[in-house]
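In what comes next, chain A is part of two complexes: it sits with chain B in the first one and with chain C in the second one.
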Partner chain A sequence: MNDQALFAAALLDPDAPCPDGLTTWNGSDPARRFAVYRNNVIVSLIDALADTFPVTLELVGEAFFRAMAGIFVRRTPPRSTLLVDYGSGLPTFIERFEPAHPVPYLADVARLEMLRVRAFHAADADPLTLDQIAQALTDPERLPALRVTPHPSLGILSSRYAVVALWAAHQGLGALSDVDPYCPETALVVRAGLEVQVIALPPGGDTLITGFATGLTLGEAAAQATASHEDFDLTAHLTRLLRFGALSSLSLPTEIC
Partner chain B sequence: MSNNTLTSTTLSAAALALALGSALALSTAPAVGAEMEKCFGVALKGKNDCAAGPGTTCAGTSKVDDQSNSWKHVPKGSCEKTASSTSPTGFGQLMAFTAKKKS
Partner chain C sequence: MTMQSPFTPSTSGTPACSDHLPVRAGLGLKPQHFTEILATCPDLGFFEIHAENYLVAGGPFHHALRRIRDHYPLSIHGVGLSIGADGPLDVAHLDRLAALLDRYQPQSFSEHLAWSTHGGLFFNDLLPLPYELSTLNRVCDHIDQTQEHLQRRILLENPATYLEFAASTLDEATFITEIIRRTGCGLLLDVNNAYISGVNHHRDPQAYIAALPLAAVEEIHLAGFAEDLDAAGAPLLIDTHGAPIAATVWELYAFTLDRLGPTPTLIERDNNIPSLAVLIAEARYAEELIRQSQRDQTEVAA
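Right, the complex of A and B next:
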């Protein structure tokens, strides 16, 4: 290992000795100064995770969250200089972190919080306007072949747990005691202007949006979603997506199959 | 018939026109949040909303209780019924306002 790698490794390992060759300007003990710096590195990264995952933190409490985040930080230091992206691996880490298993929905709540941060920083795009939809409706024969582009900030999370209700209860919307965490929910996360919205989708909504996102046509995605769930209501789903600005364009594919 | 194989993979133009047309009519006013509204002047000190992740967050930055230019998400319709110590109307407002002088 070169000096830089040794220094970096010692920063993440509380038991590692102070790297050789460090000096201080005022004659104080380099090992003590290094220990302070090492502590600040870890604490600042734990603070960053606490900022990204506030509900995850509330669900398990500050002490548990910070201890868990500390282990994650030492195992998974940042790979990018962008702190906003840090922690994308935390949900999977939580899933495998045995002490967190008594809170089985914790990982999915963390996934939802990461989607919110991503949505906040995603590219801008104008949502579909009513005029554009009215225009598309003037030529109904072409509707099945239209491609629908989701808003760049859009994220979907299909959970076995009531992620939206759990998250909302921590925003002061409804009491946590009223939430059945074992009721499966699909969360839609999308930004309108500067505001990140979290919406619970009825069954089939994930199939419809995933279809749009993977390049299926409007007709194909609607057919798959209709087949995926017996109560699928296309009108209600499209209304919801339009109201929350979740779609950004309608276009005819250039290639003709 | 060939028509059957078509409808098994894609929804018909008529069905889509009906659904999209109804959706258009039902969605005339884009909603902000799930029936929430921004409410100015009701957040306790440091409890205002707006989270953008680490290093960028503006949430929790308000300096005083009921700060007139910091907002909190509240269920729709409840903002103007929430008491505010700084608001000239005595209640939260949907826009940032000038705080009244402390009496």
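Right, the complex of A and C next:
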């Protein structure tokens, strides 16, 4: 291994000896000074994760979160210089991290927080305007053939736990003691303007949006949602999506004459 | 034969003002200050951002930066290019930087004399280099490649270091002087780093600064440090950017301006970020010292 390879390996392994070839002006043990670099690397990456996952941190406490994040950092150091996506592997890590199992919803809360960070930095796009909607409604017969494009910031999380209520309680919206964490919820995350919104979707909402995202027409996506949830209310779902700016365009497939 | 780098600045003619940071104090731009800056437009020379924080598609960061850029000159400071790495530069990262520079047209782009990536991993820290010939050649190649790719002259920042290498055959000032001679890049003189490295390696920071190619300095950085001890109980200063600028660093800054004349100066604060007013006060003090050096120069000239 070359010098940087040895230096790099010793940064991530707390038990590795200090690399050879390092000197100090006073002949003091270079290991103490090398520890500054080791600490900078691990602590700055734990700090980055703490910034991405504030509610996950609150749910288990700072000491637990930082210890867990430290293990994650050493096992999975970033592979990109852009740290905004660095936490994307943490939820799956949490799921397999035995000491976190007493908080079974922790991984899904982390998934929700990751969706929030993605939405925050996602590409900008204007939500559908009233004019665009009015235009589409002028020809009701064509509505089922419309293709609906979700906003670039949109993310969906279907959870066995009450992720939205848990997250909201940590924003001061409702008391944590009132939340039944075992009540399944589907979260919609979207940033139409500058603020990221987290909304609980009624059953079927995820099927509808997943349909839009995979290129189904409005009619096809609505049929799938109705098939999976018999009391699916298309009007209520579309109204909610429009209210939160979660849709950015409507188009008809090009007609061939 | 001496090769002249195409990025060596022209010595004749007056460059357009928009090509340079103004000779004033600026602040590192922090998201917690976006709203206040946009509401109050404080009288500051420029703002500086870390490039990597803005390599995202959209959202509030770009929204704020676009508006702030309309009112202020901008410096873009990279922290992830890993110019000192022994592997090749990440061309995808250079492409992303080029797009960011194209989008915001900053007056200055700078990077570090350090490495932060190896074997596909990113360490999120500025790691030290041995100062010897093969490292020098590699760093110069990487700076040449960067300046070619970005089609502009970059500034290189002197590091704060905690360790030295038995393999080093040159002192840091000589190493930097040679880089600047070969590549034509400019120098971002971090006075706090010069002070930290001086204390950590028991050398005179004034002598270090005096040995640098000061004609190449286009920007100065000032920041705060934390104090620790090494294994023998000697002082070990840590470059945290998390504290007010120390009195000793202000003194070294005044010494530097004395040598250099008025120079654009950034107040850097990346941790324990205080209110905007606290940082503006530090910027005001830097501007007072810049004006003082301007007066001193005028007197010498008279």
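We take it that the second predicted complex is superposed on the first by the 246 of 257 C-alpha atoms of A that agree within 3 Å, B and C clash if a C-alpha of one lies under 4 Å from a C-alpha of the other, contacts with A are read in each partner's own complex, and residues count from 1 in each chain.
Basically, contacts are C-beta pairs under 8 Å (C-beta built on N, C-alpha and C of every residue); 3 or more make two chains touch, one makes a residue touch a chain.
Being a predicted model, the structure only gives us computed values, none of them experimental.
Judged by the touch definition given at the top, the superposed model places A:Pro54 against chain B, while chain C stays out of reach. Look at A:Thr23: by the touch rule set out above, it reaches chain C but stays clear of chain B. By the touch criterion defined above, A:Ala222 reaches chain B but does not reach chain C. In the superposition on chain A, A:Leu173 makes contact with chain B only, not with chain C.
Once the two complexes are overlaid on the shared chain, A:Leu83 sits against chain B and chain C alike. By the touch criterion defined above, A:Ser248 reaches neither chain B nor chain C. Of the two partner chains placed around the shared chain by superposition, chain C is the only one that A:Ala5 touches, whereas chain B remains out of contact.
In the superposition on chain A, A:Leu130 makes contact with chain B only, not with chain C. Within the superposed three-chain model, A:Arg191 lies in touch with chain C and out of touch with chain B [touch as defined at top].
Within chain A, the residues touched by chain B in the first complex and by chain C in the second are 48, 83-84, 120-121.
Across the complex, chain A is touched by residues 52, 55-63, 80-82, 85-86, 90, 93, 115-125, 127-128, 130, 162-167, 200-203, 228, 230-232, 234, 236, 238 of chain C.
Considering their complex, residues 7-24, 26-34, 36, 49, 51-57, 73-75 of chain B touch chain A.
The touching residues of chain A, when paired with chain B in their complex, are 47-49, 51-52, 54, 83-84, 86, 116-117, 120-121, 127, 130, 133-134, 136-137, 140-144, 168, 171-173, 192-193, 195-200, 217-220, 222-223, 226, 234-235, 238-245. Listing the residues of chain A that touch chain C in their complex gives 2-5, 7-8, 11-12, 21-34, 36-37, 40-41, 44-45, 48, 77-84, 120-124, 152-153, 191, 194.
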